[in-house]
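In this document, chain identifiers A, B, C, D, E and F correspond to the written order of the chains, with residue numbering beginning at 1 in each.
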Amino acid sequence: MRPSKRDADELRAVTLERGVSKHAEGSCLVKFGDTHVLCTASLEERVPPWLRGQQRGWVTAEYGMLPRATGERMRREASVGKQSGRTQEIQRLIGRSLRAVVDLEALGEYQISVDCDVIQADGGTRTASITGAWVALRDCIEWMRARDMVTKPVLKDHVAAISCGIYKGTPVLDLDYVEDSAAETDANFVLTGTGGIVEIQGTAEGAPFTEDEFAALLGLAKKGIGRLVDLQKMSIL
Amino acid sequence: MRPSKRDADELRAVTLERGVSKHAEGSCLVKFGDTHVLCTASLEERVPPWLRGQQRGWVTAEYGMLPRATGERMRREASVGKQSGRTQEIQRLIGRSLRAVVDLEALGEYQISVDCDVIQADGGTRTASITGAWVALRDCIEWMRARDMVTKPVLKDHVAAISCGIYKGTPVLDLDYVEDSAAETDANFVLTGTGGIVEIQGTAEGAPFTEDEFAALLGLAKKGIGRLVDLQKMSIL
Amino acid sequence: MRPSKRDADELRAVTLERGVSKHAEGSCLVKFGDTHVLCTASLEERVPPWLRGQQRGWVTAEYGMLPRATGERMRREASVGKQSGRTQEIQRLIGRSLRAVVDLEALGEYQISVDCDVIQADGGTRTASITGAWVALRDCIEWMRARDMVTKPVLKDHVAAISCGIYKGTPVLDLDYVEDSAAETDANFVLTGTGGIVEIQGTAEGAPFTEDEFAALLGLAKKGIGRLVDLQKMSIL
Amino acid sequence: MRPSKRDADELRAVTLERGVSKHAEGSCLVKFGDTHVLCTASLEERVPPWLRGQQRGWVTAEYGMLPRATGERMRREASVGKQSGRTQEIQRLIGRSLRAVVDLEALGEYQISVDCDVIQADGGTRTASITGAWVALRDCIEWMRARDMVTKPVLKDHVAAISCGIYKGTPVLDLDYVEDSAAETDANFVLTGTGGIVEIQGTAEGAPFTEDEFAALLGLAKKGIGRLVDLQKMSIL
Amino acid sequence: MRPSKRDADELRAVTLERGVSKHAEGSCLVKFGDTHVLCTASLEERVPPWLRGQQRGWVTAEYGMLPRATGERMRREASVGKQSGRTQEIQRLIGRSLRAVVDLEALGEYQISVDCDVIQADGGTRTASITGAWVALRDCIEWMRARDMVTKPVLKDHVAAISCGIYKGTPVLDLDYVEDSAAETDANFVLTGTGGIVEIQGTAEGAPFTEDEFAALLGLAKKGIGRLVDLQKMSIL
Amino acid sequence: MRPSKRDADELRAVTLERGVSKHAEGSCLVKFGDTHVLCTASLEERVPPWLRGQQRGWVTAEYGMLPRATGERMRREASVGKQSGRTQEIQRLIGRSLRAVVDLEALGEYQISVDCDVIQADGGTRTASITGAWVALRDCIEWMRARDMVTKPVLKDHVAAISCGIYKGTPVLDLDYVEDSAAETDANFVLTGTGGIVEIQGTAEGAPFTEDEFAALLGLAKKGIGRLVDLQKMSIL
C-alpha cells in the first residue's frame, strides 16, 4: 500500500487555478496535492538575438523554488550566485515541452517566458510545472488573440506531464516526496493531448529496470496524463 | 484625491494569513492590497561562524521577487547570478528590524532565517515583508517553545512597517505602486508595538523636503503602524 | 564626555582639498578627522542605455574601501568577486544625493561618474563621501563649462551629509568609529545648502529610539551640515 | 539512406584505447567515429562532506568540451565563468550511469572522479563518454585492487550508452552530427551488460513520437549497446 | 646528472603533429616529452570591438588544462567559475608571442583564436603551447590563403619557446616537472626564427641569480629554440 | 630626447613616505613622478591552509587601481566581479618579489598581506609597488619585532624594481606612460640590494629585440635599482 493510501494508478488531488496574477498575461496556480507551483506567462516584444527578423517567435521557461518550499531550507539560488544543474535541467525540459505544441511561426515575432516557481514542494514539481505552464501559456496566447496580436492557431495541442515509479516493487503513478525518495525507478513522461510522446526520462535509482517495467510505467503515465488533459480542458471552459 | 480613492491616512486592505507553509516552522502570507508576500521562518541549528559558542542566536532575512511579480517581467536574480543592490538593501533592513525586537540570548544558539518572497507587487513590498515576517518569526519561536527549545521570552515587542509619501503635495499613508511612482518624497518607517522607532528611511525623489513635511509623514506612519500591530495581535489570538 | 573630547555638536576637523588627481575632470580629497576619502568625478560621453536620446544626462557614484582602510584588513571586493550589500547601499545613496541637486537636462547627454574611495576609515565614510563628492562634481561641471559643454546652471544647490547618534544617552554630531561602535542609535542625514532634506536614514542599533531623540539628532545634523556647506563654499572660492 | 552510408542498425567505428594518461589511475580514449572523448578516472582520498564516516564511497563525473571540438568554435566555459545547462545535464547523467553499476560500500571511503573531455565532437558525445568512462573507472578500481585498497567486487556490471533517432522517418542507431541535427526524435539509452535499463531520455525534436516508434528505438539501442559491451570486454582482456 | 639522463643542453623528444582536428582551420598536437598540448587555430569573421573598421586583424590565445593532466587532479576551472591567475598569465603570453610575428594589417579584418589545451602535463606547458601554436596558426593562415582571404605574407617569422633553469647549480635546457620543482631559477624564453627576442621571463625560485647565470640560460635557450624552429620547418614541408 | 626631458639613465623624482596609514602595521606611499601607490602591510595571525602547522609564515600581495587612476576611467574590478589578468599577473609578481628576500621560517606562523593600491598612474605602477611594498613590509616586521613576535632577522635583503625600455631606438630608464605607450621594448627588472636578480620580464612590443639591447636595459636597471635601494635605506634611517 502507498503511504498516501492512493491506488497505484491514482493521481493526487489536482487543481488548476487560472488568473492568479494581477500582472501576467497568463497565469495558473497548479496543485498536485501538496506540491504547489505558480506559473506565469509573460509576453515580451523581443525575441532572442538568433531569431531576429525570422518572423518566428519563441517560448522559453524558467524554474525556481522558494528556499523553504522544501522540508529543509535550501540556499537561495540568487544568493548562491548560480542556478543548480537540477534547476537548469528542469527549466530546459519545461521549455522544450511547451515548444512541442506551439506553432512558432503562427506566434509571430514575440517571446513568451513562462516562470514556474515552486511555492511548496512535495515531489513532482517538474510535472506539475509543465501541466500548469500549458494553462498559463494558453491564456497568454488568448490575451494576444483578444488584441489581434495573433490570428492563426498557435497552440497545436495540450501538453501535460506526470511522474511514475516503481515503489516497493509496484509501478505507481504520480509519486509524492515520500514515495519518490524510496522508489527504485523514477520516470517522467510528457505527452500531448492526442497521446503523442514529447519527452521520456527514466532513471534507475537503484537496480536497473526492465523493458516490461518501463512499459508498465508508460501505461500508467498515459492514463494519468489523459486525466490531466481533461482537467486542463475543464479549467479553460 | 488618491488614485485608490483612499483617505490620506488610510491603509490598503491588510491581511495576515498564518500557517500557509506545510514545511516552515512559522509562515505568514501578508497582503497589503495587491502586494502579496509569502514570509517563512526556518529554524536552523547552526549559527553564523562569528557567533559560535557565544550562547546567542541570530535572526536573518532574505528577500526575493518572483520575476513576474511586477508589471513588467524582471530578470530572475538566480539566472543573472547576483542579487541587486535593492534586494540586498531590503533584506538587510528586514533582518535589522526583526533583530530589534528579539532577545538573542534568550533565543539560544539557533538561527532563524526569514524568507520574504514577493508573489505579487504593487508598492510597499518591504513594509509588507517586515509586517508579515514578524508573524512568521513569532510562530517559529512558539514552535520552539512547544518543544522546550526556548524557555524565556524571546520576542520583546511587535515590529511593523509602513511607507508614507508626499503625493501631489499631500502627505499620504501606505503608497501603492501608482502613488509611489509619482510621489515627490518617499519614506519608510519601522516602529515597534510600543511606538519606538527602529528604522527611518526618507528619500526626496525630486525636490528636497522640509522638516515639517517629514513630521507629517512620521505622524501618519505612527497611526498606520498602530493599526498594523493591532492586526498582528488579532492574527495570533 | 566623548572619547574624542569633542562637544556634542562639534564636527571633527574637516578639510576639502581640490585638484588632487592629475587625470580626473574634478577631484577632492575629503577628510573628516581620520576618515579620508578620495572623490573623483569622471566625465563620460555616453549615458546609460535607458537614457539615450532623451537630451538628459546622468550622475552616478561608486564607492570602495581599500582593504586596509580599516582597523582589521578586509577582503578586497575585487578578489571576492562582488560588492557587499553595504557597499551597494552606500553607492546608491551617494548617487541619489548628488542627483537631488543636479539639473539633468541642463547637464545634457553626458554621464558623470563619481568614485569615492576610502583611503582610511574612522567612521562616517558615507557622509564624508557625499560632502567631498559634491566638490568633485562641481569642478567637473566647471571643467565642462570652460569647454562650452554646458551653458545653463547645472548644480541647483549644495549637498552635504553628516552622521549623528545617541552615545551614552546623549545626542552627538559626526560619530567617529569608536563612538559609532558604541552608539545606541545611528542616523545619517543628507541636506542641501538651503536646508532641504534629501535623505534621512535612522537606525536603532539596540533599543528603539523616540521621536524626541530623533528630533534632537536632526537638529544637530542641520547645524553640522550648515558648517559643511560653508566649508564647501570656502573651498571653491 | 543515411548520410554516413551506414545501415540503420550500424554503429560508427568504435575504439576504446586504455592507458592513455601518464597520471590517471584509469583512462580511456573512446572514439565513436569522429567523436573522440578522453576519459580519466582519478582516485581521491576524500569523499563529499555529506558521505563522511559512512564507510561508503562515491563516483562522480565531470564533462567538458574543448572550444574547437565543434564545427564552430564555442566560448570556453572557464572563461565564460560557468558551465552551461547542457554540460551540467550531461555530467550528472554520466555520474548516475556509473553509480548504477558500482557497489559504493565495496568501494570504501574513496571518491573516484571521472573526467570526460571531448577532444573532437561529431554527435553522441554523452554516449561515448559513458561508454569510455566505464573502462577508465574499471581500470581505476583495478589499480586500487592491486594496492589492496579494495578487496570485494566493486563493479557489478558493465554500463554503456548509445543514441538512436528517427531520421527521415526511419529509426537509426548511433546518430552522428549531421543526422542528429535533422532527426525528428532523439533518444539516449544507458543499459547494463545484462540488459538492464539505467537511463532513458527521449525527446521529440519536432512532432511528438508514438509508442511504437519508441519501441523501435529501444530495440536498436539494445542491439547497439550489446555490441559496445562486447567491445568493452575485448578492451580489458 | 639530470633525472631524465639528458645532457644539460638537450631537449626532450619533440614532435609536432599537424591536422589533428577535423574542424579547426589549423591544428597541431605538440609533444615535449610527456607534455602534450593540443593547439587549434580557429578563424572568426569578427574582430574585437575596439578594432572594428580598422582593416586590421587580431590573434588571441586561450589556455586550459584538463583536470587530470597533472599528477594530482586539479579542480576544473569551468566548474570553479574562473580562470586562475596562472592560466590568464599563460594565455596572455601565448597571444603576445604569436602577435609578435604576425602582420595584423596583412591579416585583414579577421580574428584567429588559438586554443592551447594541455592533455598531459610534465613541465613546460607554456613553451610547448607557443611552439605548437605557431604551427596551428600557420596552417590556419594557409587555409585562408587557399581561399584568397589573405594575399600578402601574414607570418613574418617563426616563433618558439623553451624553458631553462638552474638545476642543482647547473644551467639546463627544457625542464621537465621533476626538474622544474627543484630548480633554483626558472626562465622562459620566446624567440623568433631569426633569433630576435620576443619575451623573457626569469624568476628566482629561491636565491636570486646572477647576470652570468642568466646569460648561460639565454645561451641554452637560443640553442634549444634554434632546434625547435628547425622542427617547425620540417613539420610544414 | 625623452618627452620628460630626463636623461636616458635618469629616474623620475622618487619619494617614499612611511607611516601614512593609521591602521596598517607598515605602510608607505611611494611616488615615481606622477605614479602614486599606497602600500600597506597587514599582519594576520593565520597562514594559508596548505602552510598550517609548518612553523613557517607567508607573504602575499594584492594589487588594485582606483578607477580614475588613469587618463580614462576604467571599470571598477569589484563591480565587474573579477580581477583582470593584468591585475593578477602584477600581484603575483609583487608577492614573489617580496618572498625572495624574506626568511619565511624566521617569520614564524604569520601571514603578511601587502596591498598595493594605485592612487594615480603614469606608467611603472608595478615597479613602484614593489619598491614601496618593501618599505611597508619592513615596517610591519619591525612592528612585530617591537612586540617580540619575531626575534631572528626576517628580511634578508632589500628588493626594488624598475622598468626600462627602448624608446625611439634608445634604451631608457623608468618609463612614464607616454614613453611606455611608444616604446618598442619594455622590460621590468626586480633586483635585490646586493644586485641579485629576482625577476626579469622583457617583452617586445613591436619588433623583437636583440641580446645586446637586452644587456643595455639590464645595465640601466642595475643603476636605477641601486639608486632606489639607496632611497629605501634613507627612508628607514
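What we mean here is this: a residue touches a chain if its C-beta (ideal position, glycine included) is under 8 Å from a C-beta of that chain, and two chains touch if they have at least 3 such contacts.
Treat the numbers as computed from the prediction; the structure is a model and nothing was measured.
The minimum number of touch steps linking chain D to chain E comes to 1. When the partners of chain A are compared with those of chain D, no chain appears in both lists. The most distant chain from chain D, with centres taken as the mean of CA atoms, is C. By residue number, the contact pairs of A-B overlap by more than half with those of exactly one pair in E-F, D-E or A-D, and this pair is D-E.
Look at where the CA atoms of chain B average out and do the same for chain E: the two points lie 59 Å apart.
Here the spacing of chain C and chain F, counted between their Cα centres, is 33 Å.
Taking each chain's centre as the mean of its C-alpha atoms, chain D lies 50 Å from chain F.
Residues of chain D in contact with at least two other chains: 81-82. All chains join into a single ring; listed from chain A onward through chain B, they run A, B, C, F, E, D. By the touch criterion stated above, chain B contacts chain A in their complex at residues 21-24, 27, 34, 38, 40, 42, 44, 62, 64, 66-71, 73, 76-83, 87, 113, 115, 117, 119-120, 122.
Contact residues on chain F toward chain E in their complex (touch as defined above): 82, 85-86, 88-89, 91-92, 96, 100, 157, 187, 191-192, 194, 196-204, 207-211, 214, 218.
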